[in-house]
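Down below are the structures I want you to see.
Each of the two complexes below includes chain A, the first together with chain B, the second together with chain C.
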Partner chain A sequence: MTVDDTRRDPGIPVAAGREERSPDPRFVPIPPEAEERSSDPRFVPIPPEAEERFSDSRFVTIPPEAEEALPPADTVTGKLGRAFFRRLPVWPLVEFLSKKKVPRHRHSFWYTIGSMALFFLVVQIVTGVLLMVYYSPSQPWSSVQRIVMEIPFGGLLRSIHHWSANLMLLALFVHLFSTFFMKAYRPPRELTWLTGLALLGTTMFLGFSGYLLPWDDLSFFATRVGISELEKMPLLGTWIAGLARGGPDVTVDTIGRFYPLHVVVLPLLLLAVLSVHLFFVQVQGVSEPDSFRALPPEQKRYHRFFSEYLVNEIPIWMALAALLVALSALFPRVLAPEADPAAAAPEGIKPEWYFMVPFQMLKLFPGSLELLGMALTGLIPVLFLVVPFVDRSVPADRRGRVATRVGVAFLVYLVAMTVWGMVS
Partner chain B sequence: MTDADKAGEVRRSSGVAQNEVGGRQGVDRGRRRFLWVTGGLGLAWLGLAAYPIYRYLAPRPAPDPFGEEGRALVKKVSPADVAAPGSGANGSYGQRGCIVLRTPEGELRAFDSKCTHAGCNVNFAGDRIFCHCHGGMYDFGGKNVAGPPPRPLTPLRVFEENGVLYVAPTDRKQEG
Partner chain C sequence: MNYPVWDVPFLGAGMVVAIIAIIHVLISHFAIGGGALLFVAELWSDRQPDGERIREWLHKYATFFLVYTTVFGAMTGVGIWFSIQLASPEGTSLLIHQFVFAWAIEWVLFLVELTLLYLYYYGWRKNSRRLQVALAGLYFVIAWGSLFVINGILTFMLTPGGWTIENRDMAAGFFNPGYLPSLLIRTLVMFLVAGLGGLLVAARLEEEGGLKERIVVFCSRWVLPAALLLPGLSYWYWKTLPSNTARLMAAGATGLGGGRLEVMTLFAVAAGVAGTLLVLGSLLYQVRPRALGVAGAMALFVVAQIGFLGGEFARELARKPYVIYDTLYSNSLWKHKAAEAGYRQQPYLSLTRWDPDVVPLTPQHGEWAFRLQCASCHTRSGYRGIIPRTESWTPLSGFKWLETMDQQGVPPPFVGTAEDRAAISSYIQSLHGKNVGAAEILAEAQADGRRRSDGGETREVMP
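Our next item is the complex of A and B:
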């Protein structure tokens, strides 16, 4: 390569005046800038700053605020922090989260219910993965029996999975109603509300699909009844029921369907919707109750999310964990006798409490009225779905009061039916 | 590079003064056609992929409990269990449950035990047939007399042969 060649290559500029000093133009020393651009770094001594340069110039600097907030550059954490934020331009996100604050008021408790549900979800994932280690869908009942009888702490894990599922749903229902009565579904938070409903629905499906897996006689008949109600739905009912069962009746084939739904499909769906839900909450900030919003700015008090608020949550989570263990130890989940598709349904058979309303409706609307009963039950989610589009306006509006009353009536109805179903 | 992009490229680089409006419309039409074609191809591809998946998941027919002989052995109930008028018991045939009983008048009867309400298996309870799930009740004729069940139980033809009981479908169409 001659000097002329080098000159023609715009990638390797030659410093002016250098070439004259060398008798042989082929041995012109490569200017420092050229060195750093060499495509093969093995043959170029690395200048001290090289490690901090990237081919993509967008990643060269970090924002001055980050520079300020990070530990000094000569400490290990400071170095790691700078290296991280130079590679991933996410400092604005960190800043956003570090400034995030949560309003403090007398209703604050209701705003922690969602995070309780989140805690139970984590417990479900951990215990669920552990249960999968010994569960076998081809020998459903005996593998669960083995977990309960033989495997150390197996019974405890199973009971925790059961109790945590129940408490997660309880938390979601409380979260639903507290959000409802605080009118937090109103614009601009309709989408958060809708994703929340989707989360509740998915969780109920998780409960329904998980209920079948132990294949005891409770789970068998509960699933048979549940799917046969689905089957009576007009238009698509028969088709969906057939797909769900894998045939005209609930068999081990049905477990083949429910198992992947319960451990893969629904959890992935849940996590996807959950991230959207939480993203909306982060972007919009948590809603404030009317009483708080009406306060003059100087009287509004906040918790910083990091770490004031989170630190306050830790004792709650620890209490919940203790509650789970206590409930599981005192009221372990029993494994009923293995399902026998030919035997009579056991006496006193009942679904879990969160399916008690449709169960009670099934008893109350006999024969030809049954579809009406099912339609009435199906109306519940529809009403929740439309409420943010009906009751949209500021407080003290007539429609707002109507929504509150309807909500109270609903709550009374749900609780009454559930209690009635449980005692009858 | 899409067709639409190419069209835009040609128009920009040609330097020929052309009717701007007509040019844009042409580009839009090309782009729309392109979207329709790719959209259609995508749907067709999805359909091709979905069909085998659907067939894989489609429900399988249940085995015929009566088999080739057209009858099924009743398990868990012997003729002696239903010898006395008014007696009866839960049994099974194939993978299914049944109830065999002798009416107070002395007639031997059998029913598939699947409740016509929501599919629990009913229980022979001495003086009637009871469903534990939602309190449905049937009489000895299989007729729904109380609770939510909308229809009578499916009757089966029952007969004794060599000291064991068999059930077979009645002439009436099999339900459930």
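Our next item is the complex of A and C:
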């Protein structure tokens, strides 16, 4: 048998031909350090008694550093930890996670906002699943009414879901701007930034799709207005609106589309993108602002993420949990009367605050100017998408300073338009 | 402000009192529990090899304690007096007159408390160790004495016990059924808050030789009495509540009245959730004391503030529609007067202390009647807004609802003539942007009444 023959058959060891370099790039040569793995001191030799118990030698390796990190072997937690790592050789993963560190500087607080959004997402999933127990898309309003009126603490759950959704979006917007002003989007973190924008967009769609589900006056007309605005978009507007509504107008069939979107498609998409986002953060590390980078190494101070930083995150999540209950008590989400598609829209129907900017822009650019209004609104996400490819310099150069000024202008514009839309 | 009626847009007068009071209550509990912590920490530091370093931390704690409790405590304390006298002059007057000696004692204790705190703090370097310990201990005893007094007045408002407007028995009102459980609950909560304050100050300590760890463990232990005893004490307190309140609170798990009446239950839940989280948070730092940071310690303080919000709101709402339970309604209507024959049928504005002198059935008539009779609980479109609550009202249904509103759940009985009701119904229609004159509503109501009596129908009670 030739060397080529062994390559075609992966079941046959290649020891004989290892010295030769393969011309096929799919067959990567084994790096020398992998060659030496068997002699790596981190992998403790298998004791004879373990050999007898475990036939598979991969499952008895605890590297010495794992031994050191675990509680003493004679304690319950120590025994459990050793038993765990004997069965699951995931210590490299633990090591990988333990490398994450968070810079300590006067802007460190802004790092917390991302984890706040994550906390609200967990709340959304938990309360959402509980609401699904009694929600029925074929009887949307009456099932929500049952949740609010008959199910113990159903109204509280619904209010928490509502407030958590709003606060999650608020946290995401704050996270967006805090990372923007700390210039965390610059290379090599462009993909982290882009996945972050995708997360914000997905969450906004989650908000939009969930808003219709109670099928009350408010949600029905706000959704109708929202989709009709979408319809005005050139080229694809009519098609997208028809697809979203399932017909020429918002009906219960629209819920048939929004419900699976809200509870399956968008959450799965969100979790997938979030995993990638967090993976990037883990691999690339937390971004450091220029002022921190400029410090000499001996002045740079860090928190270890696991578990020093994380332990201080938990009380913050606790405060958010308490805040959600308090907001739900102070301002419970009230179920409006059932939607009547034949009735005239109540006065002053507005979208939720996070869609207020396009809504207000379309009010400012009525009639033939609507396209201009849409184009100006569409410019905001486009500029956020391109910024990591324009402002790349570390430390910030002229472009970086311009980007910061544009960011400030955006922030003022978004806040002003949102407040204006809410009070007008 | 529109004196003599305090018309606060969006929030309402009651909410202004609540906001100030909730901040004040956290501070006042800290002001007492912190005294206990100062005393115990002084003794603890004497038994430690590095007692001097512990006292350095204690000095920082005392600085925070002094500034926070005296500056913010005084500001909010005075704020409560300003706001309650405007929100409920009748209620404030009753409390002052009924408990005049209690107030006098409370203010003397407060003065002594402040004096002791200044002597303790400013004598830090000069006083002997024994004197410092004695001052801290005495401060706690006097401060707790002020709780002993104010707790009687606070609990009286919800559970007056044997006190009635006729007997005016101060002892029965002061040592009322809710007095003891409330005193014990507040005492335990004080210790908890004192520990949280200690954590906040300790969070800034640099880790040196295990000092921070020991201080954090010391402070987080102050939560334990509350963790162990509060569930039982809360049940005891709940059992002392008026039966109607307890029934409403238990029923609030579901959405009575369209999801609006369960608010008292939700606030009680908020208090329970916050309390549980505080216990868990303190235990977290017992296990991982080195990890304590400023953000985490401040977050626990926020949880405590929300817990006070929940607890105090639930307590306040438990009295509704009274400001003094079973005696004085929130809109300054005395229950015994409302029960007098013919009293409720008099023209309403002639009974109020400040007659605005308006022409009957004009828009001003409706607005003034609303401000004086309804606005103590309801804003127009803000907190407990009347607009969302009357969306389904027609001019006639509103007119009829007002007459029997005390049978519809929380509101007190209506006082006034048919003209008053027509004027208020007209005013509420105007809030919805509909212009329906009060005279028109009155005429429609009279025609409706004639029609019903002709048809032999009994009077309808609106749903």
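In the analysis below, the second predicted complex is superposed on the first by the 333 of 424 C-alpha atoms of A that agree within 3 Å, B and C clash if a C-alpha of one lies under 4 Å from a C-alpha of the other, contacts with A are read in each partner's own complex, and residues count from 1 in each chain.
One rule holds in what follows: contacts are C-beta pairs under 8 Å (C-beta built on N, C-alpha and C of every residue); 3 or more make two chains touch, one makes a residue touch a chain.
Note that the structure is a prediction, hence the values are computed from the model and not measured.
With chain A as the common reference, chain B sits beside chain C without any clash. Contacts of A:F365 after superposition: chain B is touched, whereas chain C is not reached. When the shared chain is aligned, chain C comes close enough to touch A:S328, but chain B does not. When the two complexes are overlaid on their common chain A, residue A:G421 makes contact with neither chain B nor chain C. Contact with neither chain B nor chain C is seen for A:P289 once the two complexes are overlaid on the shared chain. Contacts of A:G242 after superposition on the shared chain: chain B is touched, whereas chain C is not. The superposed arrangement places chain B and chain C with a least CA-CA distance of 10 Å. Residues 347 of chain A touch chain B in one complex and chain C in the other.
Across the complex, chain A is touched by residues 253-255, 258-260, 262-263, 266-267, 269-270, 273-274, 277, 280-281, 284-285, 288, 290-293, 295-297, 299-300, 302-303, 306-307, 309-310, 313, 383, 388, 433 of chain C. Residues 221, 224-225, 228-229, 242-243, 245-249, 251, 253, 257, 340-349, 359, 362-363, 365-368, 370 of chain A are the ones that touch chain B when the two sit in their complex. Remark: chain A residues 109, 112, 148-156, 303, 307-308, 311-316, 318-319, 321-323, 325-326, 328-330, 332, 334-335, 347 touch chain C in the complex.
Taken together, the chain B residues at the contact with chain A in this complex read 57-62, 75, 90-93, 95-98, 113, 117-124, 131-135, 144, 147-150, 176.
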